[in-house]
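Let me begin by presenting the structure, written as structure tokens, before commenting on it.
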Amino acid sequence: MEKRARVLIDCEDAKGLVYQISKVFYDRGLNIDNNREFVDKEYGRFFMRTVVTGIFETEELLTELKSVVPEDAHIRVIEPKAKKIILLATRESHALGDILVRHADGELDATIECVIANHDTLETLVNRFDIPFVHISAEGLSREAHEAKVMECIDRYAFDYMVLAKYMRILTPRFVEAYEKKIINIHHSFLPAFIGANPYKQAYERGVKIIGATAHFVTNDLDEGPIIAQDVIPVNHRFEWRDMQRAGRDVEKIVLSRALSLVLHDRVFVNGNKTVIF
Amino acid sequence: MEKRARVLIDCEDAKGLVYQISKVFYDRGLNIDNNREFVDKEYGRFFMRTVVTGIFETEELLTELKSVVPEDAHIRVIEPKAKKIILLATRESHALGDILVRHADGELDATIECVIANHDTLETLVNRFDIPFVHISAEGLSREAHEAKVMECIDRYAFDYMVLAKYMRILTPRFVEAYEKKIINIHHSFLPAFIGANPYKQAYERGVKIIGATAHFVTNDLDEGPIIAQDVIPVNHRFEWRDMQRAGRDVEKIVLSRALSLVLHDRVFVNGNKTVIF
Amino acid sequence: MEKRARVLIDCEDAKGLVYQISKVFYDRGLNIDNNREFVDKEYGRFFMRTVVTGIFETEELLTELKSVVPEDAHIRVIEPKAKKIILLATRESHALGDILVRHADGELDATIECVIANHDTLETLVNRFDIPFVHISAEGLSREAHEAKVMECIDRYAFDYMVLAKYMRILTPRFVEAYEKKIINIHHSFLPAFIGANPYKQAYERGVKIIGATAHFVTNDLDEGPIIAQDVIPVNHRFEWRDMQRAGRDVEKIVLSRALSLVLHDRVFVNGNKTVIF
Amino acid sequence: MEKRARVLIDCEDAKGLVYQISKVFYDRGLNIDNNREFVDKEYGRFFMRTVVTGIFETEELLTELKSVVPEDAHIRVIEPKAKKIILLATRESHALGDILVRHADGELDATIECVIANHDTLETLVNRFDIPFVHISAEGLSREAHEAKVMECIDRYAFDYMVLAKYMRILTPRFVEAYEKKIINIHHSFLPAFIGANPYKQAYERGVKIIGATAHFVTNDLDEGPIIAQDVIPVNHRFEWRDMQRAGRDVEKIVLSRALSLVLHDRVFVNGNKTVIF
């Protein structure tokens, strides 16, 4: 029976890769619905995302592709289906709410497994959407102890991506490594950014004319993982810092949802500390 | 001797095109430096732009590519060199000046053959840059008679693109057909747009909060040719129509220069009344 | 007891208005927390929005202000409190959902009286937020008959503004006049716009590079009322019309919420067919 | 004879300022063509910009205004005329060229006294516009010695503003203090920014999706003076760092020209390390 798959390949660049890979599709009689490549000349890396339709066995296709690309190649053959996501939040509802509405609307190509929060502020909102809400308070717990409880909860789910929808806790290296390339965060600024507490207050004090937001994968460099999406919103001298925060929230939620959509559609490759977005 | 070329192909979509084309490159030992394809599912059209390096004869490569693609294919093998452009203007200097400065700076990958204008207002500016300025007044002439003189002048030059840098004359179908897909215009609005005289005054009267500009190829549908680039600039109630015009000029010149750069780098395919931009 | 009010005045322009009005505040010992004026030179109209604090009787202040401004003046002294709004929707949830989340979050300075829809698609979503949902089907009814039922429902509420959150019905002049300057709509385009059914399909067919949205007051000129807010989002040739629609929805919801916030904070004056936004 | 002036006042906030100031205008029979105020609640500072027309002696008006505002007030009564500016540059032409074209076009409300550069690269360009070009090489000179020569040249001119149109030299505190609030710079980034050499390379390595530019007054905090204007331009993974630089130049020149225009129209107040823009 005819089916459809997204084929994602990234590997060391080499001569003839497009030819070799497209030959595999051609020989099997597969249709290419969509195809994009990119070569990072500096790093000498090749990236390709192809949507194919036709009759094929996923495992066989994978094996055949492996035989024509360099050994270090990372190949994925993904049959489109709703991915599973987990949301982490704290007290702010704008980014979370935006994802919940999109989910309820069927716009998000994902199922939300649960929302985990270190405060119970958002419980009512999450319950409105019949999504499990897990409150794991950090009160009286060390960072490690709290995180261990969060990880215990997370590990009950098979999930594809974890979204930090304004989760205001610093993650330990252990946590980040456990879910490498799976954690998406929204950062309240451009990067480089105002560092430290209350960035909007800093932005206000600096008198900026533009507020930005950055969605990125989380790595152990604080707020420094590969950037997926960024956008801005204009502000002016009449904005008090709370107005800046409000403007910032609008751009944060749109940027996070845009990044999430890109990731759910397998359009994002991580390339060192950067991304390739198809 | 090794050389470099941009290969542009657009044709009816067919199975195996990426494979067949990349096979030609592979068999000749050419390197693919950059490759982008797009298939317009609705029109069933295939577009591909590949930058190759290696040892090849342009004519031979062309012949070989022709043998593997559908008959209707439009194939170009372009060895990068400065293209030749002609500029048409009237009285406003912003778009023209921006191109002249980029040209003087060596930023524009083109040589400006001449500037033709129906007024002499811009003569001093153009002369500052040692570019031939041809004043062809329309006074006392019919549209056809004036255009005939302009075409006579244009036809003295072998040129790749003609840029209407705020050329405020309506072109006849004869003119447009003579230089099909070669004329780039900057339009003082988004499309669809305020129709008729003084669009900024109309925008002002309408109380818009954003002013846009559109760069497009000229066809015989007035202001309706394939769009190459668009952008906007925010305005508010304090803007009188002249302020809107000033804001509009900033966005016009940037959008026109961006479109020109895309065209000069062979990044633009015309696809019916749309464009594919790589 | 000290209180706070927004004073909004618009009238024919005249000499000394700022002086006369500020004299009223000064003589009563009121503090000016915030003050903005604008004179539309073309129409000869004066607009002023002042936030005052101090001890005053609203009626007395109003009377005194009336005595110093031209007869045609429209003066409002508004003590800040949550305004009441009614939402009208059809089937799409993005704009409605965004307002519901902001409301649940306490971010919206308003209470939502009810959501009225001509389909029942959104009932579940609205119920999640414990907001009354009224389904008034248009099936088998003439436009006038359906509208009469909607108006009957609306008129049960004392409300300040009615928000058309993607309400896909054409309103009759009778309806528009009944709620003059109270109806806010989000339009799926810039204005001027693609006219007729499925504007995103038209935008797709036109090959635009930018999608916009416009929030405006509704008047009897279809989609032509005073513009409150506009914004855009970039698109490209890879967007099918459904992708354009998706991008358009993001910009629609943000623009509508921004317009609603401006209106709820009494920052918007209607000036003929334009707005003054403070 | 009737004339026109911009009145700019900034002072400690106090009750009745709008009243007291507008009373002065009223009593003298002056018309207010345009009026904007802003109170910075945090700093307790009042800012007002009024355009008045009528019959008045500038000195008398100034004296009278002084008598009604706090002692620390900074009052300017400015009769509109072309301001004088000096441009400093190094080797890049984009920002300089944009200002030269606007100047030649009469769009800039200023006369350019001269262009000073530490390299002679831009001499031809500047000469095209019949503007004096002064080449002051830094070769073999200490920073102080070079700067002394530059200051000697500058001080030959009576000028209102100095524009650093990509002047790539670090200024000493002595220089900055000598021309306090008169130096406008364009910064190749948002602030906070990539620090150190080649910010575009850093932006490229960081994989940003947006490039920004900031125009600001120069103070002795490196790149940290009051921001006048900011804007951005989107980039993606296909941009090599030179492409980012090219995109950055477009946004730099537009932002610098926008800031310069605001300053030349006396629309900018410095407020501590921030600006108020009317």
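Some notes on this structure:
Order as written gives the chain letters A, B, C and D; numbering starts at 1 within each chain.
In this section, a residue touches a chain if its C-beta (ideal position, glycine included) is under 8 Å from a C-beta of that chain, and two chains touch if they have at least 3 such contacts.
Model, not experiment: these values are computed from the prediction.
More inter-chain C-beta contacts link the pair B-C than the other of B-C and A-C. Placing every chain at the mean of its C-alpha atoms, the farthest one from chain A is found to be D. Mean C-alpha position of chain A lies 35 Å from that of chain C. Centre to centre, using the average C-alpha position, chain B and chain C are separated by 40 Å. Residue positions of chain B with contacts to 2 or more other chains are 41.
Note for the complex: chain A touches chain B at residues 15-16, 18-20, 22-23, 25-26, 29, 31-37, 39, 41, 234.
Listed in rising order, the residues of chain D touching chain B in the complex are 93-94, 97-98, 100-102, 104-105, 107, 124-125, 128-129, 246, 250, 254, 257-258.
Those residues of chain B lying in contact with chain C across their complex are 38, 40-42, 190-195, 205-210, 212, 226-232, 236-238, 240, 271, 273-277.
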